[in-house]
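Common to both upcoming complexes is chain A, partnered first by chain B, then by chain C.
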Partner chain A sequence: MTAALLLLADGRFPAGGHAHSGGAAAAVAAGTVTDVPSLERFLLGRLHTVGLTAAGLAAAAARTADPAELAELDRATEARTPSAALRAVSRRLGRQLLRAARAGWPADAGLAALPAGTHHPVVLGTAARAAGLTDRRAAELAVHEAVSGPATAALRLLGLDPYQLVAVLARLAPQLDLVAERAATATRLPAASAPLLDLYGERYDSWKVKLFAS
Partner chain B sequence: MHRDHIADESGAPVVSAAPPGPRRALRIGLGGPVGSGKTATVAALCRALRAELSLGVVTNDIYTTEDAEFLLRHAVLAPERITAVATGCCPHTAIRDDISANLEAVEELEAKAGPLDLVLVESGGDNLTATFSRGLVDAQIFVIDVAGGDKIPRKGGPGVTSADLLVINKTDLAELVGADLAVMARDATAQRGERPFVFTSLAAPDGVAPVTAWVRERLAGWG
Partner chain C sequence: MGVSAGPARIEAELDGRGRTVLPVLAGAGPVALRQWRRPPPGEPAEVAMVGSMAGPLGGDRYGVRVTVGPGARLRVTSVAATVSLPGDGPAHCTLELSVAPGGLLDWRPEPVVAAAGSHLLLETRVELAAGAALLLREEQVLGRRHDWTSGAGPGRLTATLTVRQDGVEILAQQTDLGPGAPGWDGPAVLGPHRALGQLLAVHRPLHPPEEEAAPDGGAVLLTLPGSGARLLTALAPDALLLRRLLTGREGPAHREADGTGATQRQAQPACAGRLPRLSSEAR
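Here is the complex of A and B:
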């Protein structure tokens, strides 16, 4: 099912991610991400915190089609997202992904039954399951999104050299695999958080002038 | 209501953006370069049509809610009828390749202020290649202006050649910028064949009238 994995991971998949920076826009404005090395540190931090947590939730969602269990995972996502602004973003991106996933796998009962407004990692795991992918693949999708979205956003905002960014992403790739593995094999749902990303999420939400939705 | 709850006979969800049934609002997209007069056209259309139609507007600013605020400030519609979408530096992506945020916005407007007759989706200012997906809008208007140079119709591009209506705005500035309207008309016809174009000057009283007339025709055909 590698082709289905690539379809879901493709930045061209129409699920709304292109308009979100994953905190990179706020980090650029705060002066904490200014160049390729500082972006690499930002991505690394993101991967091991919210990336790990999202991957654990997505993997768990990929293991079940039971609406009650998915609702529990939705609540678990809510509890792991302290920022109200980022909770709203997660629900909105969940809606957008659900629309695309239902178009891709229209016969999947689990996707059909998922309430609109379910948190993004839960929809991502359900979409992966509907596409015939394993929980490990769902975790890989989540860590890929956790890193590639903000990387592209920073590239646009700072006019970075795309080849230097490729070098960063290739260097991080083995770590993405490790985090996905850890998330998919965890006996308890991960709850790693990044307080600064929560603060960025809240702060960014109040801005009048912004290029990205979050 | 959100159409993604609708199921077909087999129980599969229907997610197509095609009209699901009797009445959803006609959706018209407005694209074109920065400063050509998209927001002014939207505002003028709202003023011309709001007495007889239930309207909604979705704006896609490049980096702010300025266009939405312009419409609010000029009170062309009630606030609950206007919403803004952020596009992450890529206004064309949000109207063409990944329309999910705009579809959400349109459906939320219809749920909040509906039922609506007409939703105008205004793109962020972009280049001559930016066109709307048919999954997002039923018809599209491309707005260029005389002051941008009288060679723009000749340059073509998907916006100029394929939009359902080409609006060439700011004709009142033609003399000041040395633009030849006859050249623009000739090139627009050459690029567009049978597809219509109109000249407008929104500075004139009811200057939007040619666009309003075209929108009314689309509405008449919408049922």
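Here is the complex of A and C:
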């Protein structure tokens, strides 16, 4: 099933993630992410907070095809996203991913039954299950997205050295595995949150001109 | 082994004449409870939590359970900041707050301060009936001034807040701050700030922050899922500046309804780790 995992994790998979910075654009504008070391600390915090939470939701969604349970996970995502702006982003990303996933696995009843506007982690978990992947793989996909999207956005915004960024991502790789493991084995759905990311998400939403949608 | 105590309990209900009374007011472990005044009809009963021991110390387990009955109104404060101190492993504090239809809970204790070497697991569970009103303030302060000047740094605070409204979860969040929590002082979580505060209002007025905030701090007003629920989240360098961001946001409607004396008392910034004096009106 490795090929399906790589397909879903590929930046060229048309799920719209490239248009979002996960708070990195706002952090760059606020002057708190300015270079490679501050970006690394940003990514580490993001991974262990909203990354863990998204991974927990995605893993739980990968374990079920029951529409009632998936609706419950959608409400859980809602409760774990206090910023209305970020809830809207998550639904938009969910919609784009759902379209791509239905194209990839058209026979999957779970994907077909997901309502439009389902939150991104729930769609991600469902897409992983439809592709024959385990809950642990769904969690890995979620933590990968939680880190790689913002990393690429910051690279572009700050004009960083891409080789230094590779070094950062390679250093973080064991942490990604750790967080995915925690998310997939958690007995209670994680709800880890990051106050600055909520603040950035809400404020960035009101900007008139922006390079990234979030 | 630390203190292990069942929860202190407060139960508020309406008597036959529209007055809020407290049939249960039972301190436990490190939490003693004092009723400050018997309210006239329509106004909240007021209870202050008094720390009867130092701490919590690592290893302690304690909690508070509050039940507000239909139509009853209750305000709970504390007379001093709670200073979490090191000991035998983490300390556990569980707050269970429930409000029945038409009831109001105004829960505004002083800050929790994580002293060097401490670890407090603070779990707050709120259960609201449809139409129940809530004002909840939570302030977390990383380290005492002494912890910073001595170079010891702060302790760790792992705080979970879950709110259910009419049986549906509308907020679930956990902040894990302080040494041992990956990335806690990085630019995604707290950045340079050392105090985090929240004011949660459900079916109560809550106003957006007035001041033009610094791009990486200040306060932001969030609209939660559910009915009439909003959350003001604020980040500040210290407890005093944090209190300033959270003061007065609950709005004039609240003051009119609940009496101005109490509002003034709330407005005094707490100095973390020092016991604020009871104002004369409070005795």
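In this section, the second predicted complex is superposed on the first by the 214 of 214 C-alpha atoms of A that agree within 3 Å, B and C clash if a C-alpha of one lies under 4 Å from a C-alpha of the other, contacts with A are read in each partner's own complex, and residues count from 1 in each chain.
Heads up, the rule we're going with is that contacts are C-beta pairs under 8 Å (C-beta built on N, C-alpha and C of every residue); 3 or more make two chains touch, one makes a residue touch a chain.
Note that the coordinates shown come from a computational prediction; the quantities given were computed from them, not determined experimentally.
Enquirer: Let's test your reading of the overlay: on chain A, do chain B and chain C clash or fit side by side?
Expert: fit
Enquirer: For A:Gly16, using the defined touch cut-off, is the partner it touches chain B, chain C, both, or neither? Pick first, second, both or neither.
Expert: first
Enquirer: Just to be sure I read the superposition right, which of the two partners does A:Ala3 touch: chain B = first, chain C = second, or both, or neither?
Expert: A:Ala3: touches no partner chain.
Enquirer: Under the stated touch criterion, which partner chain does A:Leu197 make contact with: chain B (first), chain C (second), both, or neither?
Expert: Touch partner of A:Leu197: chain C, not chain B.
Enquirer: Now for A:Ala170: first (chain B), second (chain C), both, or neither, which partner does it touch?
Expert: Neither partner.
Enquirer: In the superposed arrangement, which partner chain does A:Ala100 touch: chain B (first), chain C (second), both, or neither?
Expert: Only chain B is touched by A:Ala100; chain C is not.
Enquirer: Based on the superposed arrangement, let me know which partner A:Ala116 touches: chain B (first), chain C (second), both, or neither?
Expert: A:Ala116: touches chain B, not chain C.
Enquirer: Once the shared chain is lined up, is A:Ala68 touching chain B (first), chain C (second), both, or neither of them?
Expert: In the superposed model, A:Ala68 contacts neither chain B nor chain C.
Enquirer: Could you say whether A:Gly31 touches chain B, chain C, both of them, or neither, answering first, second, both or neither?
Expert: After superposing on A, A:Gly31 lies in contact with chain C but is clear of chain B.
Enquirer: Just the number, please: smallest Cα separation between chain B and chain C in the overlaid arrangement, in Å.
Expert: After superposing on chain A, chain B and chain C come no closer than 20 Å at C-alpha.
Enquirer: Where on chain B is chain A touching in the complex?
Expert: These residues of chain B touch chain A: 2, 4-5, 7, 10-13, 15-16, 62-65, 85-90, 93-94, 97-101, 103-104.
Enquirer: For the complex, give me every residue of chain A touching chain B.
Expert: 12-21, 92, 95-96, 98-100, 102-103, 106-107, 109, 111-112, 116, 153, 156-157, 208-213
Enquirer: Could you list, by residue number, the parts of chain C that touch chain A in their complex?
Expert: Residue list for chain C touching chain A: 160, 162-163, 168-176, 181-191, 196, 215-218, 220, 222-225, 231, 233, 235.
Enquirer: Which of the residues in chain A end up touching chain C in this complex?
Expert: Its residues touching chain C are 23, 26-27, 29-33, 38, 41-49, 75-76, 78-80, 82-84, 87, 175, 189-199, 202-203.
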